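What follows is a set of structures to go through.
Two complexes, one shared chain (chain A), two partners (chain B, chain C).
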Partner chain A sequence: MNIEVSTIFQIAGIGIIVAMIHTVLKQMGKEDMAHWVTVIGFVVVLFMVVRLLNELFQEIKAIFLFQ
Partner chain B sequence: MVKLAGAFLVMTAGTLIGFAQAARYAARPRQIRELLHALKRLETEIAYGQTPLPEALGRIGAAVAVPLRDIFVRAASLLRDERGTTAEACWREAVETGWPDTALREAEKEAMLRLGTSLGASDRADQLKHVRLAMAQLEAEEAAAREEQRKYEKMCRSLGMLGAALVVILMV
Partner chain C sequence: MEILQLAGIGLLATVLILIVREQKPVFAYMLAVFVGAAIFLELIGNIDSVVSMLEDLADRSGVPSVYLKTMLKVIGVAYIAEFAAQIVRDAGLESVAGKIEFAGKMLILVMAVPIIGVMIETVLNLLPA
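Take a look at the complex of A and B:
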């Protein structure tokens, strides 16, 4: 339980920081770079979520398919 | 505890990198202005003093601040050595060696090197014209550098800190 909560907070932190970087870059007129930062942040978060989902499905398999 | 110390170190490093970048942006217009003053002195030395080039460059070097001083002083000492090369070669060598210590970019370097091709190689009016041409180019660069400083100085500071925070969060 503890690990999942910290991961969720980590994802939230990444979201906040990436949003701030996006705002700063956009204010300075580097919109293309701002969008790249957002996309990269999104991909990183996606990987973390995929890892969590993998754990979830492993648990489900272990429970229902008796492996 | 170790984690906390590491996070603190990463934050400090990122913030310092951001501040160093911002300082570079702030230093560029100032150094261009100093270079302009130096060229103005050179113009005076050529036009009214008719000072020999090594002496003129040495005097200018004594008057300007540190990162640019090296260029002028080195050029003067290379010229005094009399190694059988042209004044342009000495000037070029001094500029090439001293350049990495300054916050200046390629455009200013080109202007300075172009100035070097005529220094001490032609009559007074021609040299004066070349000095004025270099000054005009530097003035244009200074305006661009100020604009860039206004735009990017703050951005670098906040980006350094935010990037460090992102790295810390990713690694925790």
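Take a look at the complex of A and C:
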């Protein structure tokens, strides 16, 4: 339970920080760099979410007798 | 008081999602998926005890285990289909969500076919020849 709550905060934090970096880089005139930052942040968050989804599906498989 | 924790996580996540959505909608969506999965994962431990109780009951009443296994599989498929459809619906893709639900219904029907066959057999046996 604790791990999940901290991960929720992590994802929200990554989202806000990436938005901030995006804005700063855009102001500096580095559009392409800003887009790469967004993509990399997205991949990191996606990795976290997919890991939890994998755990969930494994659990469902184990409990509801899928073999 | 597990419900307090779960409701708290839900409320907290809602506030965070509303904040993040202003800046980056994709991250808000990912956060919603994560929270959904986390709450499901938290609940599934409780379902485990219910399932083991059902198995015990079926064992004692002599119901063939095939029926209970099929029933549990149907519940599992319904669970997964509902979860995926809700997530997709959150993203605003109503048509894809409908297809996932349709796929779930189809697979459940396929799994239920043997049981329906047994039922029809029983009814036919009851009818006078």
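Here, the second predicted complex is superposed on the first by the 65 of 67 C-alpha atoms of A that agree within 3 Å, B and C clash if a C-alpha of one lies under 4 Å from a C-alpha of the other, contacts with A are read in each partner's own complex, and residues count from 1 in each chain.
Rule of thumb we're sticking to: a residue touches a chain if its C-beta (ideal position, glycine included) is under 8 Å from a C-beta of that chain, and two chains touch if they have at least 3 such contacts.
Since we're looking at a predicted model, the values are computed, not measured.
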{"item": "Touching partner for A:T38 - first (chain B), second (chain C), both, neither", "value": "second"}
{"item": "First (chain B), second (chain C), both or neither touched by A:V18", "value": "both"}
{"item": "Chain B versus chain C as contact partner of A:G29, first or second or both or neither", "value": "first"}
{"item": "Touching partner for A:F57 - first (chain B), second (chain C), both, neither", "value": "second"}
{"item": "Greater chain A contact set [chain C / chain B]", "value": "C"}
{"item": "Residues of chain A at both interfaces, chain B in one complex, chain C in the other", "value": "14, 18, 41"}
{"item": "Residues of chain C defined as touching chain A within the complex", "value": "5, 9, 12-13, 16-17, 19-20, 23-24, 26-28, 30-31, 33-35, 37-38, 40-42, 44, 47-48, 51, 69, 72-73, 75-76, 79-80"}
{"item": "Complex contact set, residues of chain A against chain C", "value": "1, 4-5, 7-9, 11-12, 14-16, 18-19, 22, 38, 41-42, 45-46, 48-49, 52-53, 55-57, 59-61, 63-66"}
{"item": "Contacting residues of chain A [partner chain B, same complex]", "value": "6, 10, 13-14, 17-18, 20-21, 24-25, 27-29, 41, 44"}
{"item": "Of chain B, residues touching chain A in the complex", "value": "151-152, 155, 158-159, 162-163, 165-166, 169-170, 172"}
